[in-house]
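In what comes next, chain A is part of two complexes: it sits with chain B in the first one and with chain C in the second one.
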Partner chain A sequence: MITPRQRAVVEFVLDNLVWFILAFVLAIFSLAIPNFAQPGIFINIIEQSTFVGVMAIGLAIVIIAGNMDLSVESVAGLTAMITGILFCSRGIGIGLTMTPEWLVLPVSLGIALMVGGIIGSINGWLVVKLKMSAFIVTLASYIWVRGMVDAISGGRSAQDLTPALRIMGIETFLSIPLIAWVAILCFVVFTFIMAKTPFGRHITMIGGNPVASFRAGIKVDRLIIITFILSGAIAGVAGWLLAIRTSGATANLGIGMLFRAFAAVVIGGVSLKGGIGQLPGVYAGVLLLSTIQTAMNVMALPVHYTQMILGALVLAALLLDTVKLAIRQKLA
Partner chain B sequence: MKRLFSALCGALAMVALVFSASATWAQTKGKIYYMVPTLLDEFQTESVSALTKFLGDVGYETVTLNADNKTDLQQSQMNDVINLKPSAIILAAVDFNALVPSIEKARAAGIPVMIFDRQITTTPSDFTSVAGTVEIGYVAAGEIERLLKEKNGSVKGKVLQVLGDPADPYTLDIQKGFEEKMKAFPDVQIISLPAMQWEASNAGTIVADQLVANPDIDLIFVHAAHLAVAAVASLEAKGKKPGDILLVSSNGAPVGLDLIRKGWEQVEVEQPLYAQAAAIAMFADKVVNKQEIKPGTYDVLGLESIVTIEPWGANIKIPGAAITKDNVDEARFWGNLKAPTDPVKPVE
Partner chain C sequence: MTEALLKLENIARNFGAIQALRGVDLEVGRGEVVALLGDNGAGKSTLVKIIAGGLQPSSGRMIFEGMERSFASPAEAKAAGIETVYQDLSLCTNVDVVANFFMGREIVKKYFGIPVLQEAAMYSAVEKAMANAGTRIPSLRTNVEHLSGGQRQAIELNRFVHWGGKLVLLDEPFAALGVEQTRRGLDTVRRIADQGIGVVIITHIMAQAFQVADRIVVIRQGVVAGNVRAAETSPDEVVRMITGEALRSPAQETRLNGRSP
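Then we have the complex of A and B:
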């Protein structure tokens, strides 16, 4: 029998377990890996979490609402390519310029949001109005959107992004690159939305029990479509950031990020069954994955083992999450 | 309704006419299928244009099938194409070994198979046109030896090698050739890391991490030019200027040539794409008609290329070139995207 105080402590630890794991992993790596414990590496980890992190926000919202969005990676690839084509001056870039120059920033971001939002709305409409499986609809989008990247680029790349955009990838604030601040800002805003607004609470309720939510007067269909639009638009931002980071776009940009985003969402404590999950945990999950990846980069492990080690560490994190659930059930 | 039906019939008739007209127009010596491994990189994309152009010069129609980097898809594409009985198949394999049974099946069905760019030595084929990926590693090693000597006074220093996907034999061959040659220089420390799935931001991440962990890196060698772009973006983000850290890349894509012009990259080791494709066209008649290919030296778009008869068949090896700021604008480099306009002639 545990006291209420002890229970509160255990609950706190369980709620923030992924942050504790992150702290533990960072401590171990800092002690064990030469050259790891330095500000530059920690800044790299935050910077590298940008793209998967932003992508994971939209994915987490859709999953919390009880659905699935496999298209986020391809949407990011498409918006990266559109940004590259419009605002790069070499390769297939047409080098669009604006006066004043800074206007490029909001315009390119607006285009990325719009393109992502349109794809998200198509996904949402098909899922809600035609009652199609979200898995199948977004899998199809994953394929056709990547195909569209290939089609509009012809397999070629765009380079030399306009300096007005590149500044986001080069300049820093408090030593952290501006693109990483965009990701942090996204997490703060959407954490607030999900935790403190009726919209966020309704999304979580829908994911937990859509029928009960409907009977409680929540506009389930409308909110589900909005989650898909949000997911697409946020993935659009991830693509926009990717183009800025790599100063252009190639046809395979972003490939492989869907699975990292999924891993981060699950490690972060979001239930794939819907109705459970908090965005700060997802950010911790993304940071954890980036920490592992960075550690492997710094250690320069034999190339053939890196993927295997990454998979094993992800599995270990998930096992801990399972232990967490078991403890929670015992406490209940 | 009647009007709609007649309009539909009219449209169908027009389509049929266009198709039959194009079929008549397209009468050639036959169809050759090009099995391209992916269209997500510029080398492969340009190879489609080059092969279509050069094979057209010698009278063949080219049909391209994209395997999207999937071995199983390329295997089933091979099976489909074998049933269509084309004049020949050009194969740039996704996986060098997995496609061996498909090559054997095609040849057993009487369809000649030409190997393009990605060498297969474990089974006979009818013609092989390659730059030699191991040789690209050799050329890169030679250039890196020179660059390190110029920078440090002798061949010493720290090299970050950014591979492509570690499951791709193409990048492993380059690594093999490069490291084999660099063994002669024990004062050179090589750090090798893979950019999973050849994805550019992965390469950027590796460079960013290594610049912090090993700030004394002298040179970065990336296995594809599109990875070099992300590497440069990371260098720029860390406040580096062109030339602060030397950069060498391979494959000769347009992006790499641009980086040389801007001073970020010192050497791009080119895969001679146009010559590799032209060689396929030059020998296509001999392959299709199952005539003997004689060993010797041939001029392929001005490059002295050597045909040898190997256990796996006739093999033409075309030398890769090192592109530097002195020769970057030469039209012979495929990265300048100026495909030769003179028609290729078949070897007599």
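Then we have the complex of A and C:
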């Protein structure tokens, strides 16, 4: 029999396992790869984690609630393109300006949130009211939203984003770019919401047992729709950040991010069964992916190796999950 | 004896031409455990559903706490203090004991309009409720999935009492439990009743009924075929009531008539 203190230690390690793995991997890379351990590399890892990271938040929340949202990548592509078209001055951009100039910041962010939220609400409505499979509904959205990006752009691109927005991608705070701070802020806010508010608690419970939640008087349908709206809106923010980072938008911007976000969510300890997972873990998962990617860049390895490692990592994460579960059962 | 907690008068229920209940009278007192026995299809489940608001009676009166009531839904019955506790249908196993206890009714404090969970307050409330009921659980922070069936049942029942439940309906509560778990489950039921809660328990297992119940009510073909104090009867007698050997003709004749086209 173990003492409560030992149990607490083991639980803590299990809960934050992916952070320990991240620290381990960083240490190994720092020792084994020349020129890896320098501030520029670490900042690069954080900056790279911005877009997939933000996207992964919404995806994780939907999955914790027991559903699935495959549309996040295309939604980000759409809001990036809309931001690009409205606020770029070259290509297909119409070069919208505002007085005072800084007003474009909240306005463009608001548009991105709204567009993402609308697509999310369509997904949520179809899943809850028409009882369609979330997988199929959001797969369809993944396809039609990307089609919409092509349609509104005509396959062309927008360049030269207005300086008032670009500033977010250029300026840094504590050496870290502002857009990366946006991602960190999103993680902090949603971690708080999921862990400390009744909303987050109810989402987790719905993911665990929707029938019991409903019987306890929790408004299950309404909350599930809200998770989809949130996921869409957060993906909208990811797209907005992407447009800022690339100073414009192309029709294929963001393609492939869904799978990285997905991998991060799984590696971060979110169970696809629903009801299990914490957002800090997801952020660690994103950082872990970026770390590996950066290490491969530093070693000048071909890109397709990253993909293979990513796949292996997802499998390893699932295996780890079973091991964790076994340990927990022994503890109880 | 004081006034009954629940009183059913001549409750009947038809499903089309089929009479599931044909005039049931039943009383459950505060702190009383009533075991409901009967063969499959005798009408036990229908009766329990009517009490819990899941079904409405075709005729008859239901008096709860001295007032005539009719519940349009389980939610209405729950609001009045009547609830069915189903195994595994009312707990979220992926969160801890405290979260389950406060499911949907969390203690919050608002900061700038944002409701924030008050974990410490909830923890001590659960600790107190569990201690009052004499339930021991290693850690209230353990996720329910790691707890045994008996512990889960104890959580459900204690939660029910904590939130002002007055009459609890248990449908085969120990079907999935082992011997030791069942014994503890029966203890929990007894303790719940000792706190003044009325308990109706459906079971197939005679020994359990005798172990826990104050009164045994046998339903047979939609009517009460036996209503006896557990201390004043024997398993053999109850079996005869269930199969209908003790009181013969009217019931069986109806069944025969019912089968002929």
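Keep this in mind: the second predicted complex is superposed on the first by the 318 of 332 C-alpha atoms of A that agree within 3 Å, B and C clash if a C-alpha of one lies under 4 Å from a C-alpha of the other, contacts with A are read in each partner's own complex, and residues count from 1 in each chain.
Throughout what follows, a contact is a pair of C-beta atoms (placed from the backbone, for glycine too) under 8 Å apart; a residue touches a chain by one contact, two chains touch by 3 or more.
Quick caveat, the model's predicted, so the values are computed rather than measured.
Visitor: In the superposed arrangement, does A:R215 touch chain B (first), chain C (second), both or neither?
Guide: In the superposed model, A:R215 contacts chain C only, not chain B.
Visitor: So, A:K196: does it touch chain B (first), chain C (second), both, or neither?
Guide: second
Visitor: First (chain B), second (chain C), both or neither: which does A:Q159 touch?
Guide: first
Visitor: Based on the superposed arrangement, let me know which partner A:S247 touches: chain B (first), chain C (second), both, or neither?
Guide: A:S247 sits against chain B, while chain C stays out of touch.
Visitor: Which of the two, chain B or chain C, is in touch with more residues of chain A?
Guide: B
Visitor: Who does A:G117 touch here: chain B (first), chain C (second), both, or neither?
Guide: neither
Visitor: Examine A:R328 and indicate which partner it touches, taking first as chain B and second as chain C; both and neither are also allowed.
Guide: The answer is second: A:R328 touches chain C but not chain B.
Visitor: Residue numbers of chain A touching chain C in their complex, please.
Guide: 4, 7, 196-199, 201-202, 204-205, 207-209, 211-213, 215-218, 275-276, 328-329, 331-332
Visitor: If you look only at chain C, which of its residues touch chain A in the complex?
Guide: 74-75, 89-95, 99, 103-106, 108, 114-117, 138-139, 142-143, 146-147
Visitor: Would you tell me which residues of chain A are touching chain B in their complex?
Guide: Contact set of chain A toward chain B: 35-36, 38, 40-41, 44, 47-48, 51, 90-91, 150, 154-157, 159-160, 166, 169-170, 177, 242, 245-248, 250-256, 293-294, 297-298, 300, 303-304, 306-307.
Visitor: Which bits of chain B are touching chain A when the two form their complex?
Guide: 39-42, 44-45, 163, 166, 191-194, 196-202, 204-206, 208-214, 226, 229-230, 232-233, 236-237, 253-255, 258
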